[in-house]
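Should a chain be cited, it is by its letter among A, B, C and D, assigned in written order, with residues numbered from 1 in that chain.
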Amino acid sequence: MGTLTLDEVSQHKTARSCWVIIRNTVYDVTDFLPDHPGGSRSILRFAGKDATTDFEGIHPPGTLEETLPESAKLGTVDINGGRGTANNETEEEDAKLAAETPEDMLNIADIECHASRTLSKKAWAYYFSASDDMRTKIHNNTIFNLVLFRPRIFRDITLVDTTARMLGIKTSLPVFVSPAALARLAHPDGEKAIARACGKQGILQMISNNASLRYPDIVSARVSNEQPFAFQLYVQNERARSEKQLRDVVKAGCKAVVLTLDAPTPGKREMDERLAREEARASGHVDDGEALSANSGRGKGTEGGVGRALFQGTAGDLVWDDLNWLRKQLPDDIKIVLKGLQTVEDVVLATQQVDKTTGKALVDAVLLSNHGGRALEGSSPPLLILEELRTYAPDVFQSLEVYIDGGIRRGTDVVKALCLGATQVGIGRPALMSLAGGFGEAGVSRVIQILREEIATAMRLLGAITIDQLGPQYVNTSQLDAILGPSPQAAAAAAAIFKAKL
Amino acid sequence: MGTLTLDEVSQHKTARSCWVIIRNTVYDVTDFLPDHPGGSRSILRFAGKDATTDFEGIHPPGTLEETLPESAKLGTVDINGGRGTANNETEEEDAKLAAETPEDMLNIADIECHASRTLSKKAWAYYFSASDDMRTKIHNNTIFNLVLFRPRIFRDITLVDTTARMLGIKTSLPVFVSPAALARLAHPDGEKAIARACGKQGILQMISNNASLRYPDIVSARVSNEQPFAFQLYVQNERARSEKQLRDVVKAGCKAVVLTLDAPTPGKREMDERLAREEARASGHVDDGEALSANSGRGKGTEGGVGRALFQGTAGDLVWDDLNWLRKQLPDDIKIVLKGLQTVEDVVLATQQVDKTTGKALVDAVLLSNHGGRALEGSSPPLLILEELRTYAPDVFQSLEVYIDGGIRRGTDVVKALCLGATQVGIGRPALMSLAGGFGEAGVSRVIQILREEIATAMRLLGAITIDQLGPQYVNTSQLDAILGPSPQAAAAAAAIFKAKL
Amino acid sequence: MGTLTLDEVSQHKTARSCWVIIRNTVYDVTDFLPDHPGGSRSILRFAGKDATTDFEGIHPPGTLEETLPESAKLGTVDINGGRGTANNETEEEDAKLAAETPEDMLNIADIECHASRTLSKKAWAYYFSASDDMRTKIHNNTIFNLVLFRPRIFRDITLVDTTARMLGIKTSLPVFVSPAALARLAHPDGEKAIARACGKQGILQMISNNASLRYPDIVSARVSNEQPFAFQLYVQNERARSEKQLRDVVKAGCKAVVLTLDAPTPGKREMDERLAREEARASGHVDDGEALSANSGRGKGTEGGVGRALFQGTAGDLVWDDLNWLRKQLPDDIKIVLKGLQTVEDVVLATQQVDKTTGKALVDAVLLSNHGGRALEGSSPPLLILEELRTYAPDVFQSLEVYIDGGIRRGTDVVKALCLGATQVGIGRPALMSLAGGFGEAGVSRVIQILREEIATAMRLLGAITIDQLGPQYVNTSQLDAILGPSPQAAAAAAAIFKAKL
Amino acid sequence: MGTLTLDEVSQHKTARSCWVIIRNTVYDVTDFLPDHPGGSRSILRFAGKDATTDFEGIHPPGTLEETLPESAKLGTVDINGGRGTANNETEEEDAKLAAETPEDMLNIADIECHASRTLSKKAWAYYFSASDDMRTKIHNNTIFNLVLFRPRIFRDITLVDTTARMLGIKTSLPVFVSPAALARLAHPDGEKAIARACGKQGILQMISNNASLRYPDIVSARVSNEQPFAFQLYVQNERARSEKQLRDVVKAGCKAVVLTLDAPTPGKREMDERLAREEARASGHVDDGEALSANSGRGKGTEGGVGRALFQGTAGDLVWDDLNWLRKQLPDDIKIVLKGLQTVEDVVLATQQVDKTTGKALVDAVLLSNHGGRALEGSSPPLLILEELRTYAPDVFQSLEVYIDGGIRRGTDVVKALCLGATQVGIGRPALMSLAGGFGEAGVSRVIQILREEIATAMRLLGAITIDQLGPQYVNTSQLDAILGPSPQAAAAAAAIFKAKL
């Protein structure tokens, strides 16, 4: 293995001879092109070039070693990093931006603004994007404004206690980090940085199935052996792969498995797709006659944005009965959380699932979620689903824990959700975005700290000093109730009339 | 017939001697001016000039031959095309625009944006315009946001089947092309390009009564003998003309006749009118003392935009009984669709119409439509009418098929309409606009492909994999139901009280 | 009486010696200053200057002769007009503006836009302004969007008849000109131009109590002896003045007296006040220590905008019983219309008023109005009051005619009001604004013509071809009904509970 | 004590030796740093510099004398004032701004606009800021638009009487000045200017616990012995301090004590915090590792904006029983007002509190308030709470007086609140902002005069000429009623179900 010049590498830029540079090493990936799970084009875009950032943002360490034969390594080269850079900042602004610290972030909007200026285009597109016109993402957030507080007076609010419980674990806040993929697009420490921050701040982290680091590596960053993690599972078409994955996770340590059900196929994230198209075009590796694929269907070609590539191999045929399979893969003390329920009907069904062998309930908790507005545009915001649940099926709260995620940006958002019955609330994008611009762990800690202080302030001003005291008596939900969906009974009746008419 | 110079032609620019150039041929139309169905002024604007684009965008081929005597042909001339050009684009932008392909269009908003930059001013005004302040056109679209989805989990969504039925025909999608006039304003292939795309994509095309190509010519572009077409009928004052038209249509092949009822007189399309005024002014052929005619009434003068000119001769005296006349003109296997119903009352009346001779139902399907917001400003969006129908008269769905058109821009819009009972959904402007900028057939195919992929994705994420499974249980309509109109009974009661008071 | 130079005149610019120029004549108004009903300051602003435009825009001809002794005329002078000019137009734009004709106006928004560019600042401020933040003025208009149409099909709409009735008179349209003051601010022909247009177009004109021409002069412009007029009455503190006024009006010819009740004191029209302030400041005649008067109260100083000055002397102590006084001043064939009713309660009271002598009903019609948003900010839009009336007291429509004015800008607005029970609909600002930029009578005719054509088109598309056919069955009022005020019974009950609590 | 140069002073800029200049006197505050209630950093920002404006805007006169030993006075220095200046005004604009008088202010929006251009950045941030995204502050104001007026006609409105009563006192208007801190940030006369204006205009002033002048000094500015004042009490952790405070207040003269309950801890006023951060940074006295404190919790560090500093030492453990303690501190003729109630439940509880000794009611009045949107973001606007009270517990109005504050900007706002049952209405920010730009007392008088005139006009146009006549019959509250919170019974039931489910 010798040293190669950039000029030499740049001549191998086609499917006939395709070299790429990753961390100063030159690889010949020509033979691997047809086997790439994400399609050959996503490699060909970097043919003859450095692909480090894009590669490492997406693939866990060790991927290269597992995938390519030793012979593919051709040599080393001296290049500059290739990090994406923020756009349109003047030098002065750049300096100001670089001087900003996590402590300068006063709220989560500041965090997002900072990320928008420091993330690479690709990372921003992946994190920020949502389906179609992004109405659902926005709705997830603005719906909190429909709930008004009813603060009480003459309460001793000297001591506020924000500690909460979740799956039998005590956490310092009723907040967890929801599964969010590809953290290394924002910071080299990626999900490890989130793990350290969660550990120090005392909250649970759900680790994405598509994390940019391997699960055991992330868990290894824990600050104590008690630090809780949950693993997000996308069941694979090849169940054996999922079974192996679960064994690895159990071995590394895990409190719960979060089975994700709200995105059996990816939504249409146009910002992401548009960027992929631009990149493909700039690299010259697009057949002009073939669509970029507005489609996000399962059976279609491999071209597309980062969001799409992640779904290769995910099973689309899961049914309730598969919970028995899942239960069998896990020791008894590992809980099962279902993520992505969006109707009262499905939560009620979740409470009814029992282990065929033991007769025990199969579902310990549900996470109401529309995948942060990244799956079906037009689906109900989680806060609305939560209110439907409280209205039509209050009994379910006795059977399992209910979480929501999507759109939480303020401590008051968290408190409103808890007043309506949520046990805990998850944040996704804020955790990823807080990594940007070199913040890493400190950024994530800052996000949690902001929420902690906002939650404590809101509780004090509300006159409730423990999480248990929060309840519907503290909120005016008339505007939310005006847009409630049908009860399960009404929905069934409507369906019946409809069938009759066909 | 010799060769004429442009200078010679340009001197014949008045009503006393009016020459125009069409496809390099110079015609003397002086004697024809008083007989022009669209009024003399719309010709005088081009007196002494080339009128090719405007003429061919509106008139079917053969019109000249049928209308003018041979003697009117004066000779040929060499001129430049005269195509309208897009405004305000720099050279660089022009180049970028020219390089765009149908595959670059990620959604229908992209299609519209592309059309707005490539269509002639006149075509854009005709396609984009709607009545008065265009509130109804916008409302048609935004009303879809009032419906939220209720996606279900644990459904096997591996195989999605978007095939649908319509008038006994199988289509690959629950989408058809609604009647939309003057396609050649956007592309020389005009409605033929739409026909070819529909054929290849497997959906039905309704051909406008005001198509810029003759019905048989459009049908001749079909990709197979089975490709279905429907013909949109505006009944003419001279019924004999309509009868001949129907005979031609039947002969050419036709699955259904779509009798249009929502625009017995044109709406006030001001963008269109304003452009006509500008053109008339630029040509110097406007009596300053006479109004451009804010009016769009039937009995008034002939001046006005493209939209207006199309209505010359259309019958305004149709009543329910005329359906018997229509039925008589058609073989038994040709279906009758009523287009433009906007109340529950009229849909119920439609189900009650029977052939006086045979006793059979006269109406096979209704297309709820407000003419894309181009007729009565302030009328109800079709999705609202559909929901009124489902609420007040669910039985009608057993008697006939119900379609809607107007405002559909996303696959989720289609799926929402189907959940509320629609059999199929029509698109109008997207089909026309996708022809622009040289796209032609490929543009139309792209629109259909985008919808296909968006529909399939929405169905998967909703947990419904066949069209039949879609139903009201998948939607939260509380915001839509809050603005429902009165039931037929309530409307009748209000009218009765009102009469009493007069 | 000799000739004076401008320099000479300009030296008499104080309250000690105050000369003004009106139509080339110089007047010494020093002695008159304390007696000016509008306050001395409004004169002192023009001290030493030409006051023609402002004077004639507000005062009827003959005012000077009646008011000043012959000795006040000092001589003549040669000056330039002093017309206010539009702001910020380039020469090219000016030329384009000057070339615009009434026929170029496609809708009433065009009329308003044209007026905004051609009226003097003072005229624009007076016409356009409304109370406080102008929310009510805007609400008057936007509330029409809450009503949706329900068009019917298969109606013979060949012949549309827009003729309507009003106070026993036949009009060509269900539209009249509401009382609107100071038309000469826009055009020297002022209210006469409106009269001629109304006569030719066949509609009724209500002449403002504050017209800039005398009532008999306006009536003299009629196109036939049958042309109908109504006179708007603001009862004066000195009833004898009102009695004389009525005698003059009756003598000149009058179908009805419109007693105005919605502005017993002027609203706070800030645009108007702000301009007056600027002018006063520019003239140097403002005591800096005294407020411009944010107040618009009756008892306060005389400073203020045009709107305020008009209210000097208006009676604020009218009660229902004063109707008997009014009836006595009028011949039997002159109808009484009450303008400015804003509650169901008051309309019901109006139906109950009977002549103490004859026992006949005193009120022939009511005009629901909030003074175009120029009186109480926050009051209900007339369309809402009309719907309250239809809902809570439908019987009143049998006792008297109901009109509305305020916010009508489209033919569809008129048709919606008629569907909800209005007999006719009044326009105010559009009539005034159409006079601007030299349009005069032709501008007013254009406004009426635009409405005529829009109304006819709306009726055809709705499927109703006579005014009598219009009714509530043609509209969906669910959005309007959601904001209905309390019934008279509910309002009384709320008041009773409230009293009990005090 | 000699004279020091600025250079000398500027060298003592650290915690080891910290000198500051106040009114030309140099103080060595090094030893005092650890004892400063607002934290050492807020002093260190001015180390080596002039701190006059910031110091005097916040601290009452006499503070220095009480706090520092004589030895801390080092000498005098000749410096320029250091007043904050408005930003970004050109010279011409500056001159125009300087020429503006209180009489130029036509409404309260003018007052705010003027203040925004003349206040120092710090004062603006303190006055204008509100919690989080300031939604609640805005909601407080915009909610008035949900109420429509129902004006009556034929009422004699010649004489309007706006006099009202409050706690047994007659006031010229139903308006008072709510407690608003730190008036000297806007004008050197501070709260004294407000006192003089209130005295002359005949309304009551509630003096902030955090006034920038001592209570007795403010009261000494009264225009007559009868001028009424109330004192706003934040109970201190050291009750003895509060008891002394009350004794001083009683001695100086006081009609009522206003116990403030809506801000037991400060809200998160980000504009304020951000400015503090900027200033700290500019001064170089920020540990970069420590957060600016997004938190606004009680137990946290001392850093933060002006708003935060004021809360040091405030008791967070008040309960209903503390009212007995308060009553004991006060002579019988001093009334108790509770400020900051936000639910029907708490108002009902207030009516039930009786003196354990005398059996008399403890609460004379309640002031519904969410602290001007500065406490809990998302809490209900006071107008909504008032309507809930009228709806669910109308009896309370018989037991005590009900006031509201927050968001009042127009006379119509006041009239609407009175129609819904309020006895009086408080203004906060308008009083402070009207002091700016040198206006002082005249500015405050202008605000009151504007409201007086707007209230009188609204009453006349409504047809109600005394405050007693105002009632719910004059308003349409359907839009407000659509967002009412739950009744106390419904809230309790929801809480009960919720508890059951846990």
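Keep in mind that, in the parts below, a residue touches a chain if its C-beta (ideal position, glycine included) is under 8 Å from a C-beta of that chain, and two chains touch if they have at least 3 such contacts.
The model shown is predicted, which means the values in this text are computed figures rather than measured ones.
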Handout entry: Angle (degrees, nearest 5) of the CA superposition of subunit A onto subunit D
Key = 90
Practice task
Between subunit A and subunit B, two touching copies, which fits better, same or different residues at the interface, with half of the numbers shared as the threshold?
Solution key: different
Problem - Centre-of-Cα separation between subunit C and subunit B, whole angstrom - result: 44
Handout entry: Per-residue overlap in subunit A, given as positions that touch at least 2 other chains
Key = 482
Exercise for the section: If you connect every pair of chains that touch, what shape comes out? Choose line, ring, star, complete or other. Expected result: ring
Handout entry: Pairs of chains found to touch, sorted by chain label
Key = A-B, A-D, B-C, C-D
Problem - Residues of subunit B that touch subunit C when the two form their complex - result: 132-133, 135, 261-265, 267-268, 270, 273-274, 277, 288-298, 300, 316-320, 322, 338, 340-343, 345-346, 349, 370, 375-380, 384, 482-486, 491-492, 494-495, 497-502
Completion exercise
Given the complex, residues on subunit B that touch subunit A span 101-107, 144-145, 147-158, 160, 390, 394-395, 397-398, 410, 412, 416, 421, 446, 449-450, 452-454, 456-458, 460-462, 468, 471-473, 476, 478-479, 482
